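Letters A, B, C, D and E mark the chains in the order given here, with residues in each chain numbered from 1 onward.
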Amino acid sequence: MINKIFFFYFSAVIVAMSLMAITRRNVMHGVLYMLLLFFHIAGLYLFLNAEFISAVQVIVYAGAIMVLFLFVIMLLNLREDILKKQFIGTWPMGLVASAGILMVLLLSMLTVKTGEKGFWGIAQIESVTQTVAIGTTLYTQYLFPFEVASLVLLVAIIGAIVLAKKRLK
Amino acid sequence: MDIIHYILIPVLPLTAFVLNIVLGKFIFKKQAHLIAIAAVGISLALSIKAFMEASAGVVINQDLYTWIASGTFKVSVGFLVDQLTAVMLIVVTSVSFLVHVYSIGYMHGDAGYPRFFSFLSLFTFSMLMLVMSNNFLQLYFGWEAVGLCSYFLIGFWYEKKTAADAAKKAFIVNRFGDFGFGLGVILIFLNFGTLHYTDIFKDLGVIAAQTVMICGNEINLTTLIALLLFCGAVGKSAQLPLHVWLPDAMEGPTPVSALIHAATMVTAGVFLVARANPIFSMSPVAMDVVALTGGITAIFAATIALVQNDIKRVVAYSTVSQLGYMFVACGVGAFSAGIFHLYTHAFFKACLFLCAGSVMHAMGGELDVQKMGGLKKYMPITYWTMFIASLSIAGVPGLAGFFSKDEILWKALSSHSPVGKFVWIIGVITALLTAFYSFRVLFLAFHGTFRGTEEQKHHLHESPSAMTIPLMVLSVGAVVAGYVGVPHILGGHDWIGGFLGHVVGHAPVHAGAEASLEWPAMILSVIVAVVGIAAAAFFYLKRPELPQKIADSFKPIYRLLFNKYYVDEIYGFLIVKPCYWVSANVLDKITDKVFIEGIVNGVPMIVEWSGQKLRKIQTGVVLHYSLAMAIGVFLLAVLVIFGAGK
Amino acid sequence: MQISELGPLLPELIIASLGLVLLIVEAFLIKRKEIVAALALLGTFAAFYSLTYTSFGPAFSDMFISDGYGVFFKIIFFVNLILSILMSVRYLKTEDSFHGEYYCLLVFATCGMMIMASAGNMVTLYLGLELMALSTYVLAGFNRHDSKSTEAAIKYFLTGGFSTALLLYGIALMYGVTGSMDLKAIAVYIAEHNVRENPMSTIALVLMASAFAFKIAAVPFHMWAPDVYEGAPTPVTAFMSIGPKAAGFAVLGRVFLYTFAQLAPDWTTMLIALSILTMCVGNVMALVQTNIKRMLAYSSIAHAGYALIGIIAATPEGMSASMNYLLIYMFMNIGAFSVILLLNTKDFKGLEISDYAGLAKAHPIVGAAMLIFMFSLTGIPPMAGFVGKFYVFMSAVRSGYMWLAVLAVIFSVISAFFYLRIVMYMYMKEPEREVELAHSNALGVSLGVAAAFVLLIGIAPQRFLEFAKATVRTLYF
Amino acid sequence: MNATVCSVVVAGDSYVLTVAIFLPVLAALLMLLINKNRHSTIKWTALAASIANFIGVIPLFTDFDKTTAKMQFVAQYQWIRAWNINYYVGVDGISVLFVLLSALATILCVLVSWTAIKDKVKEFFIALMLIEGAMIGVFSSLDMFMFYIFWEAMLIPMYLLVGIWGGPGRLYAAIKFFLYTLTGSVLMLLGVITIYMMTGTFDMVKLMSTQLPVGMQMVLFWAFFAAFAVKVPMFPVHTWLPDAHTEAPTAGSVILAAILIKMGAYGFLRFSLPMFPDASQSVAPLMMVLSVVGIIYGGVICLSQTDLKRLIAYSSVSHMGFVTLGIFSLNIQGLEGGILQMINHGVITGALFLCVGMVYERSHTRLIADYGGLANVMPVFAGFFMVFTFASVGLPGTNGFVGEFLILIGGFTANKPVGILAATGVIIGAVYMLWLYQRVFYTDVNEKIAGLSDITFREVVTLLPLLILVFWIGFYPSAFTGFMDATVTQLLGRLRGGHMQALNMLIETVVK
Amino acid sequence: MIPLNWYMWLGGIVFCIGVFGFVTRRNIIIMLLSVEIMFNGVNISLVALSHYLEDLAGQVLVFFIIAVAAAEAAIGLALVILLFRNKETITVDDLNELKG
């Protein structure tokens, strides 16, 4: 029961924060709502025995990505943008489309039938702690994607520098 | 006679044609006639020889080579020289020869002198191929080839629009006839599996009772074939309703009119009917159609000839009328009489044309008899030869025309069918009219006072000997040619009838030999001839002012006749104009440009239009792009969930 | 992990290292930056050559699968890379935006495509896709001073992010359904369970199909393509119109044809709809374009529709037809873009179709080459485009999609309109101005190679067909 | 052949056709190397190549075995093993004459373009050579895939020929021509694929004796019909022809008229009849009706044409109506007549277009109204034109007659009303051709064309072969029909074989 | 124990909110945020599935998603800066030079 109360709290806040984040006229407000959203999602992850991901969520998403957003917003000094309409004229169609997708998604997930259970049951994870379990998986089975991810980050660095550096002109 | 000699008859003129057309301009120039005359002269000699052989009973039927072969369809180029062909050979080569000679004088100084002679040679070749053929397809070849030459020669002075028009008209009107002829030939092939005369006539009995359904009517196959063949004859021999080309054809040089449009080509229709006489004989309906067509054409053309002022046109209508006579003969089964008339007609009609040419020559191209008069003293040879020819055509006893025309009238009268009697009446009336208009022209042109310009009067002269000699030869022919067919009651033997009888058979009326009818018929025709001539003399010699008065008092009839019953105008209104109108306004403008092109150009236009519309969706705003993606996801989901997959 | 596990990865390793080396070399080079290009070419050739030494089989606990199927696509990627580098040398000079990073990004993008083509796991697939995507976002915006280029990059980036999210959600749902991210394991699970009954799998399919459709620019996920192709630097456009598309097809083939083979009725329904829409919109919209890059963008969309037909056939033959089509399309498209680049000089962009007026008169060889490419794109024999289409249609007919083939040929007739318009301008109009060509040996080479292959495959397709057939067999393990 | 392209001789290794196809292509490649300003070198190369090619195909005429229906001069090499496609060429009685005609027509096209083409000379002759190769390829291919390749490949140089060197409306005409034919062709392509799916082979010889399911035959017939009907062109899909013929340069018009539109009819003979015999028989009445509509429609519409070339183009619709009529009468006279008429039409209309080209080169007008009295100005030319006019009209003694007459026999045998209606085409033909001739050559000399010089020796040489053919075929058609006999007989056997009953029923109903 | 589908629904709702934001907001930065929200919707589903499936693959993927999201954010924001430099705007419908 207590689980459910917490779930409802978190999910209600998550939904509300998401909505707030995307409807704010001021970008800065949106980003701040996002921060709240990320914290609540991190909290939800704790319920799902995903401490490591929860931590990453807070550190990377909230701590790094959102801060990056804030930097950029302040860098660009986007005050005058507030005066304009925040939604495009075709927003009702967007609403219909996203509602349609939502409906399809919800209907398809009335009952979730999952595949076979895997090796890492709660007991198993608890026996080695979650971080060790993730770490082992990541550095053995998922070593190759891990390396690729490094390339992705490298490309991101190169790209960001190439695009944003002040050379030419 | 060796086969090679027979081959040479048509080949020599062909050679002359090729030499003249290719080299004429460069080498022969003014001497173009030499080679042509030499060729046709030798052909004439060979033809006479062939005639001798034929009269000795030798019939040549020889294939030279296979022309077209496809499956069971096999046609050869080959020669059949029998009595009928022999007569035609004589007619063709002799008239052709004389016209060649005449042309030396007539065409002297013309820019197209070599061209003229080359076409004459080509015509001779074609006509010979036509008459010497031993099958229908080669006949068809000659048939079309003479049409072609006719086209060339009518349009010889092509700078003149009327000449060019007339040439085209002649060819196209003939094509209408040939359309039927061609179908007839195909039908013959389909039923007999061959186109050779002998084979077909041998098997005629096989199809005697066959019928075909056409538009729900059952028609006897023989009748159908005969009528289709007759279509061709109607076209070529200028019978109703396809006669319209012949008067116009007078735009050609006069020797051409004499050769092609009087003596030879136009008689090809008669030849065809005579050649196919076994087929025609089997079909009473077809025979009646032939007789009626001939009879009606005869009187129809004769009435028009009464009021025409153009000397050549009068002669042309007279030709149409006389050709009608020949068909009357064929229609009543007297094929030999038809051919006989063809033969005599060749002489007197060629003579008439050449006389007309001679007059034109003297008058500087003037054709209107109203502007002539009193030419007798300037050109006596022409006058007398024309006089003889006119007597002959009028049917004055003792001359060629009398014998042949009389034979026809008698055969018609003695025919058992009511059609025969009917056409006899028409024939007699036509004879009266013929005598009248022939002498009308003669009197108007040669008697009285000259009504032309002073300048013309100054130039009046008799034609050179190259022209007069053929005239004289032909006028002699117009007198004596008939003596090969003197009827029995006049103590003759009807030699030509017997001679041709080998080919065309003896018409059924012969059996009865209703000689009782022959005397009255003959006397009646003599009377009408004399009456006709006398009337002409009365109107145009005694009381020259009368014709005008009569014309005025019968104005509608006069105008109807003068305008040739408005046949040309009716055709123009019913056929020619609608054709062009449909072509220009319906097919070209509507079907092609609107319907078909509408679709052809419309589809790309629709595609382009929808492209332009679709372009509007590509707004450049990325939100719309993502919206499209979102909608796409949704629709794909819907498609898969509710679509064909499940 | 053992060193032997790196065997299957040899080309990827070479390419990845090449990227790193280029980065370093570029940093130390002040002048003669062409060396970077030369080095990139050299490295690519090395990688190309290494394909023959690459051992086949899975590596890194099935994260990566080296097979003939992957090799075929890698050949496309390498040729694309080589030709793109050749095309770029002159262009970057003209546009004054020479950075060594450019080649580096091209190389990394190619690396991402290779990983996609060989991915054995959804995670690898995702990361390969991101590697490719991020590199191309940057490349699209590489002309920093050109607002169009920036706009293109932003649009590509935004819509790309959206499609990535769709892909991830699809992966997540499929993970839920099957309990695995391994392509082979999923295939096994699907084969053993009736997954079609599970609505989540259907939704997963829809989402993944949408994401891949975005990569191959299938309608209605195509709308970024014309804008991005038009705005991006021309060599990048050439690169993008082939590489990511081919990679998308590689993934589509591996995931749908192999992993989701049992779900074929579902995804063929979707792909048929996408294919028809794609051919229709691509061709119709290309018809009304006046900018040649934009026209080729729509043409590229349309060609994706044709290539999809092969996958719809859902047979090895169909897949090899699609692969063959992509190979051929690469040569035609690179060729066409080479010609566009030849017209690009300092003071003349030459991007309007009307700029091609009278080109054949002034530059007959270039005109003839463009003629070959245009007729090939239309699908007229004896150019290669015909062979590609023929094979695709054949596979469709064999699988019973006659009507689809009929639609496809009708659309290919429509395509003749706009391809021939270029021929018409080149050959049948008088030039409005003297067109200077940007003479460049590298560009000449890429043009020549493209033309030669278009004709060669058109006349003697035997080896290419057999190669595609042989490689596709390895997809079915 | 390049070893990588083809390998392994499968059957036959006659080089005649291979040389005929690829010699022009090689010549084109050679001409690529010649400097584009050296016009005379280019022209002489083209002439030499085309003459050499003609000489090369003469063995087809002299060494052809007329007694057999088998393919002759066969060469077969493996080409695309993956699809079981061979490089497979050979000719039989149906195709041999077209190969010869193509080779001849090219020479004439080179000659007539000698001075007429002043711009982009090199490209022009290259295109011409490529067309020749493709034309011969189409007529000698015995592999469907290869046939299709040549069939379509021909479009490219033809499109350029019309579009680059054509008249004022060339752009529209060229694209129209291209799209029209392409639309038809792609449907044929699907037909080809379907046949391959069903039989696993592209080998036309094999397919000619393969029995396909009747229902499928019907579908395939229409698929192929789309391609062939457009090319012929049959009635409702003919509108590309007037535009293309009119706007094309002389050589283009000649190729179009003489060869290209024959491909459609050839296709009927090569594919539709032997491969879909049952379908052909059941739709033959419909085809005949379409043909007759084409004959009359094409003829009547000529009456309102004001453009010289356009009129001749429409006359082609009419004449090709005869051809298809002959083909679909499905009897020996019809078929042989049809084939012969294809040759005839190639000769006659080709010649007429050559003539028009010659006079256009002098007067630069195609409007009939601008002419008149040309016979005075150019008498020799007038003579030539006259001959071709009358050949077109179908005068006995010219080739036009023989073909038309055989077709009429065939058509009449198959269906009497259709035969009768078709025969009216003979009348209409005379009307429009003679009217045309009159307006151009007769009456007073139009000042616009006064002072034109008569045709030169080169032009006489160009026209002379066709003139000879007109009379050669006209007087001795057996020299040409002899080629067809065996093949056509076999084809008819194929049409009737095993389906005698169906045909008998057909005949009975038609007769009634 | 909370049923799995509650989490899935939550993930779906968050995802769709992201979609809605992405297809309607004119501000590019908000669009970027919307994509992040979509990612988070996916992440919620993945973590929940991972938990219920007793398998770590889901969490590993989430880890990679977060990493890549960081990379994307970097490039995205760099592009935003570039755009702002070029056009002085971050409103998406001002980006319409390319269209049609």
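The rule is simple: a residue touches a chain if its C-beta (ideal position, glycine included) is under 8 Å from a C-beta of that chain, and two chains touch if they have at least 3 such contacts.
The structure displayed is predicted, hence computed values, not measured ones.
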Moving only from a chain to one it touches, give the least number of moves from chain A to chain E.
1
Starting at chain C, figure out the least number of steps needed to reach chain D through touching chains.
1
Note: chains that touch chain A and chain D both are B, C
Most central chain, judged by mean C-alpha position against the global CA mean
D
Comparison of A-B and A-C by number of C-beta pairs in contact, larger one
A-C
Where chain B and chain E are represented by their mean Cα positions, the distance between them in whole Å
96
Distance from chain D to chain B - Cα centre to Cα centre, in angstrom
37
Computed distance of Cα centres, chain E from chain C, in Å
26
Please report how many Å separate the Cα centroid of chain D from that of chain E, as a whole number.
64
Can you tell me which residues of chain E touch two or more of the remaining chains?
8, 15, 18-19, 22-26, 31-32, 49, 53, 55, 57, 60, 64, 68, 71-72, 75, 79-80, 82, 92-93, 95, 97-100
Going by residue number, chain C touches two or more other chains at 123, 127, 130, 134, 137-138, 141, 144-145, 153-155, 158, 162, 175-176, 179-180, 199, 202-203, 226-227, 288, 417
Pull out every residue in chain D that's touching 2 or more other chains.
179
All pairs of touching chains?
A-B, A-C, A-E, B-C, B-D, B-E, C-D, C-E
Chain D touches which residues of chain C in the complex?
360-361, 364, 371, 375, 378, 380-382, 386, 390, 393-394, 397-398, 402, 405-406, 409-410, 412-413, 416-417, 420, 423-424, 427-428, 459-463, 465-466, 469
Could you list, by residue number, the parts of chain C that touch chain E in their complex?
122-123, 126-127, 130, 134, 137-138, 141, 144-145, 147-148, 150-155, 157-158, 161-162, 164-165, 168-169, 171-173, 175-176, 179-181, 226-228, 230-231, 288-289, 294
Touching chain A in the complex, chain B uses residues 621, 623-624, 627, 630-631, 633-634, 637-638, 641
Touching residues (chain side chain D, partner chain B) in the complex:
176, 179-180, 236-240, 297, 300-305, 331-333, 336-337, 373, 375-376, 379, 383, 390, 395-397, 401-402, 405-406, 408-409, 412-413, 416, 419-420, 423-424, 426-427, 430-431, 434-435, 438, 441-445, 475-478, 481, 485, 489, 512
Considering only the defined contacts, which chain A positions touch chain C in the complex?
104-105, 107-109, 112-118, 140-145, 148-149, 151-152, 154-156, 158-159, 161-163, 168-169
